[in-house]
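Take a look at the structures below.
Both complexes below contain chain A, partnered by chain B and then by chain C.
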Partner chain A sequence: MLFAWMLLIVFLALIACMFEDLESDMGSQSNPNSQVQLAAQVGQVNRFFNKAISGEAPSYALYCTIAGVVAYVLLLREVNPLLAIPIGALAGEAIHVIFSVTAHVGRTAAQKRFEQPIYLDVLYGHLLPIATHGFMATLCITAIAYIQCNLGTLSGMPALNHPFALPLLAFIWGITVGAIGSSTGDIHYGAEREFQDRPFGEGKRVVYHGKITRYADCGVRTQKDIAYFCAKYGGPVTGLTFGVIILFESWRSLVGMMLGGYLPLQEAMASDTLLGTVARVATELLPAIPAAIGDLTAIIGILVGLAIGIVLIVGNVVIVKWARKRYGPFVGE
Partner chain B sequence: MDPILLIVVCVLAGGVLASLGVHLLPVGGAPAAMATATGVATGTVMLMLGAAMCGLFTAASVATYTSNILLVSLSGAVGSWLMMGVTMLLANLLYVFGVGVVPVSGRVDVDPITRESQKEYKTPQCDGHGVPNVSYISGMMGALLGGFGGALMYFALLEYANFEPTMAGVAAMGIFVANAIIAAYNIGGTIEGFQDPKFKRLPKALLTCGIISLLSGVLVSVVANMGGLIG
Partner chain C sequence: MTVGGGPVVEEEKAEGFTFPPDVTQLGIISAIIAIVIVIIPGLPAVVKAVGVIFALLWGTDSVRKTSKYGLGTGVPSIGVLAMGYGILGALVGIAFAGILNVSIVQPGVLIGVIAMAIVGLISGVLSNNEKIIGMKIPGLERGMMELGMAGTLAMVLQFSIVAGSLNFDLVIEKAVSNGLIAVMFVLSMMAMFHPYNACLGPDERRPRTLMVSIEISGLLCIILGIFVAATAGSTWGVAGLVDGISLLIFGLIVWIVFFVKFIKTAMREAHSTVGTGLIRTIE
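And then the complex of A and B:
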């Protein structure tokens, strides 16, 4: 049962981070938005949505914490989680939409001297996609925080409930999902889709900065053309990043708990059998036993984590070596 | 040892380690998102905080079944190390397959670890792109140190200052952010890792972060004392 909940968390993490990245593409938030800002200043009037509220990590920490707090309050009032979590996410998204409007209108208005108009159809047309993508991300993060808070209760071993309160867990994963969405997903939007009329296979030179691709396959490009493109590679890879992180973190903890003896001990203590009674009495009379089991559990978890990290380092060496061999030295001008 | 002294020492050490960790991360900021600079395409504080929070989550879980400070701190360190490792690896996948560039350093002509030449693979008018091996290993070391520092502070607040777990997490994060921001100011935007000339600015940041962490440690001790949590 514990493994099933863990896998559900991993799946939710994958969905959350993918939608977080696509939302940042849909609203043009974070690092690549520097080019949208710059575009008007270098004479490139555009129909991009300019939503630089803050870095993705603080903004998602805000929405997820609001969602977590609202859900937590509703749960304290014994509202069903299936209702409390979506209501929390809705509250978070309400704030998100307000910030989106003020950020876009405020920033674009400040570019009046560069003759950048505020296109009202761009403003109205992007709010709903921003809200829906953001809602998916916030909903999944709040659900993850709820499951982790109650993991022990849900899987029948109360000791496994996470010690942090639901809003803090929502905050932690909000920060993390934003940091990952910003550091991974931005690349596909900023280095590829934003400069698609430049040669593929090279870093975007400083002279290109601000000169973004303004025309789509058909008509003038807006953020909607960008999200559908990034959904094919950048979004899923970003989702995979967060999913794999949660998978490795959970897996190494669980392996440590199983091999270190923590899980069998908890299972025994939770049972009403003779073995359970013996386990409860033994841990009370000899506190050194659970302490030793706890230490061993932590040590195994650490060693497994270090081993995974070393594999990741080797993976990076392989990718870099492959790219150097496959692409070769730079041949352009 | 006196709990007040323990709190101050742990917070001081945690803050200094956080600052050191931030300096080791390969942070490319906005230029990295356009493959114009080497490193991870986000801000220094956000990246370190994301990694440290990931570590803090695991450290908090581990602290429920062990009271060994080293094991809790190492668990946090490994949590951050995994977060950074996966993030940098998959960012490189995007650089290689999504943008079609070779990960290279813009600050050194030869990778100091793998001895691979960098210059001829770099796009002109760019300050490198992607996460080369030297930056990757530097980032992993930074995450390990930063995560260790964050978890160390959390454990001190939880066990020695007797804060409630959620409160200890919030307070540890607050002190961590202060140190990360000081380090980010010292870096001034982008850094590639220990091979970057900006890394030489480290002593100034360590001194400043040491003073800030010392003040934070004293403040935590005062709060815990006045709140009747210790003594």
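And then the complex of A and C:
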């Protein structure tokens, strides 16, 4: 049961980070971010949505925390979680839309001397996609926080309930999802898309700044093209990154708990059989036993984590070597 | 988040909505109002919310003043830093709130504010000193000091709204251990840095920026109001319910007024506001 909930968390993380990445493309918070900020200043007037709500990590911490607090309040009032979590996510997205409007309007108004107008259709047309993509991400994060908060109760071992309150977990997961979404899957950014004919790894020259915000394959480019482009590969790969991180992390803790004897002990103590009584009495009389089991659990968990880390590092080195060989000489070598 | 634009030229225009006091005056006025409200924890939540708004307004102005030099990516960071100071200072403050009591006035909480002013000043001096970090940002010492004080005042006021008093154990129980501190932290830091971050650009104008801060403080009041009203039964009864609902209504009014005002001002002051249109062709 515990493993099933863990896998559910991994799946929710995958969905959350995928939608988070696509939402940040929609609002130009991650993908051609600095390009959009600079475009008008170098004369490239554009029809992009300029959603400058700090970085992705603090902004997702904001939406997820609001969602977490509202859900927490509703849960205190004994509303069903299936209702409380979506309502919380809705509140988070309302805040998201308000911040998006102030950011876009404020930034565009501050670029007056570069003759960048506020296009109302751009403003209104992007709000709904931003809200819907963000809603999916916030919903999944709030659900993860809820499951983690009540993991013990849900899986029948009350000792495994998370010591942190729901809003705090939502805050931490919000920062994590924003940080991963901002660092992974940016396949549209400047050099990656518009300059595919350049030598591998050349990067982007300053003279091309802002050009990517002007014209698409057909017509004037807006963020909807970018989200469409990224939904095929960038978004899913970002989701995969976050999902795999959560998978490895939970898997190594659970393996540690299994092999170290923590989970069997908890199971025994929760049961009403003779073994359960013996386990309860033994842990009462000899506190050194649970302490030793806890130490062993932590040690095994850390060792498994180190092993996973080493495998990932080796794998990365192999992939980078292969890519450099396959796609020609890397500029600067 | 990278922002170009180089040195920003200050252009004070008389048109439109303006905040009469300049940076120093606004700082002094806000500080006095917030301090007077913070040392009397028995006040109703709405009055404390006014104090929060002024403290965050002061913080926004300091962020703007410090970042105008061209911080760019540093704008969000400095807001987060301010609220980091704020949480530390608020915990120090409420730990000392029990001493120096004179009937309903609790000036002991100001020890936290003073402590953070000193810490802010020291970190400002360290960052600007050529021998240590050498950032050479003009006015950073004063900015950091003000940020520390504004953050602490805002945080103590929010603690006092939620817990109803400045008792350390009560604050830990009602504001910290249930995770509400996360939303206070994240919304206050947004209220400090989002205005300048959102209005950043060569044609940024101070009154417009400050309006966003008040608008976000309104949102903060709404969220705190919902929380206080919904948990009133388990905390302090009918008074809590009245406090929560009045806070909610106050926040709603503040938010609507300043949101509409900001959007109208920004749309009027932008180069042009058009329904739709193609982009200008570049030769």
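Throughout what follows, the second predicted complex is superposed on the first by the 309 of 333 C-alpha atoms of A that agree within 3 Å, B and C clash if a C-alpha of one lies under 4 Å from a C-alpha of the other, contacts with A are read in each partner's own complex, and residues count from 1 in each chain.
The rule is simple: a residue touches a chain if its C-beta (ideal position, glycine included) is under 8 Å from a C-beta of that chain, and two chains touch if they have at least 3 such contacts.
It should be emphasised that the depicted structure is a prediction, and the values quoted were computed from it without experimental measurement.
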item: Touching partner for A:A165 - first (chain B), second (chain C), both, neither; value: both
item: Touched partner set for A:G43, first chain B, second chain C, both or neither; value: second
item: Which superposed partner A:I118 touches (first chain B, second chain C, both, neither); value: second
item: Chain B versus chain C as contact partner of A:V244, first or second or both or neither; value: first
item: First (chain B), second (chain C), both or neither touched by A:G55; value: both
item: Chain B versus chain C as contact partner of A:V69, first or second or both or neither; value: second
item: First, second, both or neither for A:T102, with chain B first and chain C second; value: second
item: Partner chain(s) touched by A:A13 [first = chain B, second = chain C, both, neither]; value: neither
item: Chain B versus chain C as contact partner of A:A323, first or second or both or neither; value: first
item: Chain A residues touched - chain C or chain B, whichever exceeds; value: B
item: Overlapping contact positions on chain A, where the chain C interface meets the chain B interface; value: 34, 55, 58, 164-165, 168-169
item: Complex contact set, residues of chain A against chain C; value: 33-34, 37-38, 41, 43-47, 52-55, 58, 61-62, 65-66, 68-70, 72-74, 76-77, 95, 98-99, 101-103, 105-121, 164-171, 214, 220
item: Complex contacts: residues of chain B adjacent to chain A; value: 29-30, 32-36, 40-43, 46-47, 49-51, 53-54, 56-58, 60-68, 71-72, 74-75, 78-79, 81-83, 85-103, 114, 116, 120-126, 128-133, 136-137, 140, 165-166, 169-170
item: Sites on chain C touched by chain A in the complex; value: 1-5, 75-76, 79-80, 177-183, 185-187, 189-190, 193-195, 197-204, 208-209, 212, 215, 219, 223, 226-227, 230-231, 234, 259, 262-263, 266-267, 269-280, 282
item: Chain A residues touching chain B - in the complex, by the definition given at the top; value: 30-32, 34-35, 55-58, 159, 162-165, 168-169, 172, 175-176, 178-180, 182-192, 194-195, 200-209, 233-234, 237-238, 240-241, 244-245, 248-249, 252-253, 262, 290-291, 293-295, 297-299, 301-302, 305-306, 308-309, 312-313, 315-317, 319-320, 322-324, 327, 329-330, 332-333
